[in-house]
Structures are given as C-alpha cells and as structure tokens.
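Note that the chains take the letters A, B, C and D in the order they are written out, and that residue 1 is the start of every chain.
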C-alpha cells in the first residue's frame, strides 16, 4: 500500500490493532482478478484473513467520455453513453436523451415514452440478471450464471430485433425514437413476460433458501441507511438499507407515473437484503412491462426536433433510476451544436466508495461478496 | 429558503431557475457556510454530484457545481461558485463524505484544489500525469506522452 | 504356456493379495493395473465432470475434440505437457519443484491398500485404514509447500487455508472412521480390525453395510465422513484453498503446465481415494447388493451379469448418439469415431459376459460403481452449492462435525457393547 | 512377510535420517529445516515398519508428519523468513552444546562396544499380524492393561495445554 493511513470516509473506528505482532498482509486484488468485475484494483490490508482496510484504485478503463462529449455534437455523442454502463446501455441512453430534451424543451411523444419504458425495464432485468449470475459465481455457485445468461439472451434477442444491436443498443434518439417497433414486438415482450416469471422462481429456488448462501450473505457488508445517504449510495443498495427511494417514484421521468409498482426495501442492509431487493425489483419490472405493453398508444414516435440541434444557453441536471442507482447528466450548453460540458454522475463510481466502509472487519471472502453486491460496472466507474 | 439566504447574505448569493431547476450562484467565500447550512438546516442531506466547468476566457475560470438533493423535501438544488485558476476551495468531505472521490475527480480533471481533503490525489488518471484533461485548453488528442513513454514503454506516445 | 495359465489361475483362485503373499511379480502387475486404471479414471472423471456439470448448467460442455468431446481430456493433457513451465523468479526453486510430486505421490500411494475385491488389492496391511489416513494427510504438506514456495500472497493464503482446513477436518474424519472400525468388533470374539479387507469382510459377516449398522449411528458417522472428505479434497463447497473468485487459484496460482497438471491429477485421485475409503468403511466395499439375503446360484448369476449389462447400456448410448449425429460430411469422422467407441464398449461387454471373467470382475465392478456414485455427488455439489467462508468452514468442522463425531463414537461404543452382550436387544 | 534386504534398507533409512537431521540444524531457512525434519520422521516411520511395528509407524506418520509438522510449517510460514535468515545461526551456548553432543556420543560408543553385555540378546518376535492388537492389549487389555491410567492422564495433560494456549492467544473469552 502506498500509504498505510487509508483515509476513512466516515468517522470510522481506527482499524483494530492485531493482537500478536503478526505481519500485516497487503494484497493487491486486481486489476486482473476473477472477482473484480473488470479492471478494478483493490489494495487490501489484511490481518490474516480479516480486512483492516482497503483502497480502490480505478481508472484503468478511463476513456474520457466527458471530454469526447465536448468534441461531438449532441446527436453524435448519443452512442457513446452506451459504452459507460455497457450492461445497461438503454438506461444510459434514456438519461442522456431526456436531459438533452429538457435543454431543448421538447418532450417525446407518448408512444415513444411507452416503448422507452419497455426497453428500459427489459434492460433493468438484463442488468440484474447479469449481476445475479456474476454475484453468485463470486460466492461460489456456478450454476445461476448459466441460468441467468440463458434468460438474458431472450431480452437481448428483443433488443436485436428492435435496433440491430444487442449490448450497446443506441436505442433512443433525442426527441423520441429512430425506429418504429417491428412486427410482433408486443407479442415478443408478452412472451418474454410469461417466460421469465417462472425463471425468477428458478433462481430463487437455487439461492434464496440455500443454507450456504444465507450464511455467506446474511450480515455481510452491512451498511446503514444513514451511511448510504452520507456516501451518496443509491439504487438497490440504498433501498436494501431501508430507504424507500426510487427516482421513478420520487421524481418521475419518462411516463413512470402512469405505472403501478412497488419499491422493495430491505431492513438490515446486508448482502442478502440487497439480493432480495434486486430479485423483487425484477418482478416489479415485469409488472411495469405488463402494464406498458398493454397500453402502448398509437401515434408518432419522434417529437419535432431540429436537424441541427442548438439548445439555448443554459444548463440542466437530469437523473434517472438506472439499474445501479442514480444516473445523472449535467449538461451545459453554450448555444452551439456541441455541448459545452457533459458531466455524468455515475452510480457505480459513487457506490464503489462505500466498499471500504462495508468491508472493514470482514473477511477476504466477504470483500468478494460485497464487490459483487455493489453491482459495479467498471466502464461506468472509469468512464 | 432561497429568499431567506438571499436576505441574510445579500449580494453574495444569487438564486436562479432554468427549465424548472433551481440553482444558486454563491460567492466563493460563502461556500463552506452555505453548504453546511444547506445540509443542517435545509435537509439537503445527499450530495448527488460535484463537478466543474471550465471557461478559459473568463477571469474566474472555473464554475464548481454541487448538485444536492433533499430526501425530506424531495427537491434538488444546485450550488455554483466561480473560482480562478490556482485558487482552492475548502473541502466538503466533512459535510458529505461522498464528495471524497468527487473532489478527487474534479482535482484530477480540472486541477482545482480542495483544502482539507483527506487524500487529494488523482483518481482516474495515473499518479504523475501532467495536465488536466477536462480543461478547455487540453486537446482531445493530447496526452502526457512522456508519462506514456516511461511507464508503458511506447515510443511514439500513442 | 499351459503352465503359465495354470499359474495365473492358481494365483487368482488363492485368497491372498500379492502383498500378503509376498509375490513381487503379482504385486508389480497389480500396481501397474491400479495406476493405469486410476489414470483412466481421472481422465474419465475429467470428461464426465465437464459434461455433467455442463448439462446441469444448460450448456453442452466440450463438443469439439472427438465426438461429444470424448478426446478433450487427451487434448488438455497434451496441451498441459507442451505448455511452458513457468517458475517464478523469487520462488524457492527446490520446494516449488518438489511440492506437486509430493501431492501426487501421496494421492497415489493411498491406493496400495484399497481393496477392489477380496484378493484384488496390492496389499492387505494390518493397519490399512491407518495407513490410508496417514498417507493422505501427507498431501497437505505438498500443498503448504507449494503455497509457500511460490512466494506470492494468493498461494500463501491458499496454503494457510488449506492446512488449517485439512488438519481440522482430519479430526472429524478420524472420529467417524474410528466409529466404523469399532463396528468391525461387534462380533462374538469382540475383536475388530484395521485392515481394509477385514473391514469389508466384517460387514459381510455381520450381514449389513455399516451405513445401516446400529441405525442411525452408522448413517451419521457416514455423513460426517462424507462431509469431511469433501473438505479434505478441497472440493466445492469447501474449495476455499483454490477459491478462484477470491484467491485466483489458491495454492497453485503460480503453477503452470506439467506441474499444474500434477496437482490436478492429485486432486482427482485424492477424490477417488477418499471415496474408496468411504465405500470400504460404510458401503460394503466390493460386496454386491444383498450378498446374504439374495444368495444362491440364480441370484449370483443375475448379479454377475450387471457389469456386462452396464457396458452394453453405455454402448447402446453411443450407438444412439451415433444415430443422432448430424448427417453432414464434416461430422463423418466424428460419427465413425463414436460408432467405433460404442463397438469397443460392446466388445468389452461381451468379454464381461464370459463366465470366468464375470465372476472375477464382479467385485471390482461393484466397488467402482459405488465409487462412481460418490464421484457424481462431488460433481453435483459443485453444481449446486455456493462456497463456504473460512470461518464458517471452521465452524462446521469444529462445532458441528467434531461434537457429532464424538457423540456417535461414544454411542456406537455403548450400543455396540450392549448389542454384543445382550444379543437379543433388538429382538426381545 | 519375509524380510527382504534388511541391512540395505536399514542403512539406507538410517542414512536418510542422519542426513535429514543434519539438514534440520544447518539450514538457515526454517521451512527447509522443517521439511528435512519431515523426511527424518518419515524415515523413522519406515524403521518402525522394519521393526514389525506398523501401528507405531502409522501413528508416527499421522501425528508427526501429517499433523504436528503441518502446524509447524503453518507457523513458520507466517514468520518473515528474510529476517530470520539474517540472524546468527550459532549462539553463545555452543560450548554447552558441544559438551552435550560429546556426552551423547560417548554413550553411543559405550553402548556399541559393550552393548552385548549390557542388553541381553533376545529373539525378536514377529508380531506383524497382531501388532495393533498387541499395542491395544498392552494399553487397555484385561490382562496387562496397566498403562490405561497413565494414558488417560497424559491426554488430560494435553487438554490442559490446549486450554492454556487458547487462554493465552485470545483477548477476550
């Protein structure tokens, strides 16, 4: 470790002194490590297997997305946002498009809104599936990974049919949508709903009551709601700590106010609660999908937007509930075709900050569980 | 709330609204106090984001922006201040621990220093990198070719 | 020629193991046979594990090398042997070099006393089970050495975990074994045995497998052993020493190529070894089902047909798969290969139907089938369970299995004594 | 089993033992010493086998090579090897050490030269088949179970040692 005094984000107890004068072990977890979900490097300070403190070293995947934005027009930058949180590309696109729409003072037509919600919720499910598979794999259960990937495939197929891309979809345009839905889109979504409902039970059957899973996740990586707010942690992690806050409900965007769904919360803020919250969120997403697919109105899919976009001088902050938490865009316009400044408020980046707090006093194996449960995507952490 | 602050601080604070979003431009000297009061008195307990914008032609080159949210009021608020190059701000880590990394990122990208930050160092770029990429005078193709040559062994710097 | 055949048949019909008879030639032949069989078993296990796990996880597993990936283990072995053998610069060269050999040797040596049949063992030691436990406990040395000599953090933590884990679970394992040994003494003479062959013969004499002896005591002891043996072999859900998501690969992180393959070989043969212990101690070893209840020449004939039928079934599966192969010129060689493999299995089945062979081979067959069932369990565990955390692992070992083992041991002694002195306890 | 090439195996194992013992005390690296000690212990177990005491040999392997030495290694691995390598190998008690070694050597020589008169030559009874039973009989048997009490007391002593170690190592109980 470069500095033995790791900063403490909160007023934490000083790391417990090892009783015997045993050597502190400093371990470099990553950037190439099976459990760091990409290129995260965690410097662990261990007493035996107990974590005394840790420091995250990030930036290995830094591509300067914000700098690129300043050198592209508003439309040209749209595909780049997909590359941040690449497992939830649709959500990124939604946030960006809505932020620019706010600057332009236009609103996407209702039909576009509905299709946006459908695709975003499908993407939320896909993101949670990927999280579940990798998280379970980190804890040692191999099989859920393959189950979730099998089912995620169905979602990706819908994406592919809709816009031709599976991962970095670039599904939305500023002002609405580029493409009308293909023939049988509604049917595909309905099929997916009926296909996916029993699959969640299947995942839960493998894990929810598994004794080892319970032992590995209950009471691990506990974070209180107060700490979550202080550290700016959002998304399922915040909700698992008992704070009932979801931007979809608190400050509805798109047309989420038209849909009925619950915000699941946990009580203890441990890894198991976060697991349960995400499982229930998947079910709630299915619920939204059911309502959305039943109510798609007819009409145009694109609002009236100028070919060359020149938003008036001003600035806007718009945030949405991405699968990982609050995804915000702060866009400053100087009246030209290119944004003057685009700031992305990445949920993974801010959530990752809580890792140190959540891992102190736990064991090495718990660090893995906590990294998995934070559900970070390094593409978004580093941008 | 904003009116109250305006009354108390007078010209040091200027409340504004754009497309329905409130923000206030605050004088640099008032920043620590305003932020502290926003959290303690107005329940802006969640600092969503902290970032900066560079205006090279201005005398005070940087806008530093705090995006705040209050759970109890369900309300967002932005606090903005202007500082010149080389000036520093007092760190708000003690107010919102989340600004720890956010301040590091602003330092990393713009070179704005925060006094009292526990560990102000580069976060996304490697230690020892020269230049601050998100400043407007930093070209998009530009990079610290010396660093690249030394650390990565790439001669051309690309 | 005739003399030779006479010699062979007279040896085979004698009731001694080569070691017991002090016959070097036969001992050598048996050693070669056992190790060749073991290698084949490891190869088969490798393929089966990947296939079965794959099918549990809705995927296909190896499909490219040979029909249904049958040749995949050979391709892997070739790759590992040809791979560059990397030794870390800062490693302790000698220990790094020796460690995999110690692990492999320990895993293989155990098979010296494994009884595949009343005479099908390399030797029958007076202290057979003790020897097995002792030698298999040596493999932890190799793991510790490997972890330490790599001079790297992950292997070191893996080695520390491994040594703590194996030493802890040996205690529970030993208690379970002792209660099984105690059961061998529940006869009129009151004398037990540590010999592997003696243990199986005691089960035959007492007319029950020890799993069902003094129900449920035997079952509990067996359960303790079954848990401890998974931990001893570092397999899921106790695979912490090589937990890939935490320690990349644990103690063999720094190993590659041939040396790594030795660890792999050792792990699989250790799995087979502990399963053999479990089978010998609790599942009646080489005994066929119901040797006493369903005796008589008819039943003997029926049970002796099983090996041939099994191979016929496998051959049938092969032919069925051959028929289902895609009819495309690209798959021509693979289809032919699968058919030949099926034919080979059918040929083996036919050989196994020859009366002289099927009588001799039957013991080995039943033993192997029982061990294979355990192997399947290993794979099943791996597909189902998440991994334990280290403190939980220790908790299971010391706070659950150890008291349970002690309790079972005491109760076995108590009820064993009771049942031998008051023989009409169960039938008053 | 009839003995085969007994002198050869005896000298080979003794040689391994001696060599191992020398390596144990000369290596600077504690892990190497421990490994040499394991080799010594294994050779010793083989010698027990040659004495037709398979039970003792088995116990030797399980307890010493498999159990105690693993714990030794466990502890040694956690110690900084670099530091211990720099420490001086021989300390100031080398005079005492030489004296003790000389005394032991003298004893050995005396036994070797006068051994025949000191220890009456007896016929070795091969107890291979019943060795384990013989040990058990001696310890607990109905006829000569005189060591039972001593055996149990010894295990109690070990228990005391274990509890003591726990008390010393743990901060709070």
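Keep in mind that, in the parts below, contacts are C-beta pairs under 8 Å (C-beta built on N, C-alpha and C of every residue); 3 or more make two chains touch, one makes a residue touch a chain.
Since the structure is predicted, the reported quantities are computational estimates derived from the model, not experimental observations.
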Co-neighbours of subunit B and subunit A - touch as defined: none
Chain whose average C-alpha position is farthest from subunit D's own: B
Whole-Å gap separating subunit B and subunit C, where each centre is the average of the chain's CA atoms: 64
Whole-Å gap between the CA centroids of subunit C and subunit D: 32
Interchain centroid distance [CA atoms averaged], subunit A/subunit D, Å: 61
Inter-chain centre distance, subunit B versus subunit D - centres from mean C-alpha coordinates, in Å: 70
Subunit D, residues touching no fewer than two other chains: 78
Residues of subunit A defined as touching subunit B within the complex: 3, 6-10, 58-59, 62, 64, 66-68, 70-71, 102-103, 105, 229-233, 243, 245, 250-251, 314-317, 319, 326, 328, 330, 332, 340-341, 343, 345, 349-350, 352-353, 382-383
Residues of subunit C defined as touching subunit D within the complex: 19-20, 22, 92, 95, 125-127, 130-131, 133-135, 137-138, 140-141, 144-145, 147-148, 156, 159-160, 163-164, 166-167, 170, 191, 194
List of subunit C residues in touch with subunit A within their complex: 53, 56-59, 153-154, 157, 161, 236-237, 239-240, 243-248, 382-392
Interface residues, subunit B side, partner subunit A - complex: 18-19, 21, 23, 45-49, 51, 53-54, 65, 67, 71, 74, 76, 78, 93, 96-98, 100-102, 105, 109, 118-119, 122-126, 133-134, 136, 138, 140
Subunit C contact footprint on subunit A (complex, rising order): 25, 27-28, 33-35, 49, 136-143, 145-147, 150, 206-207, 210, 212-213, 215-216, 363-366, 368
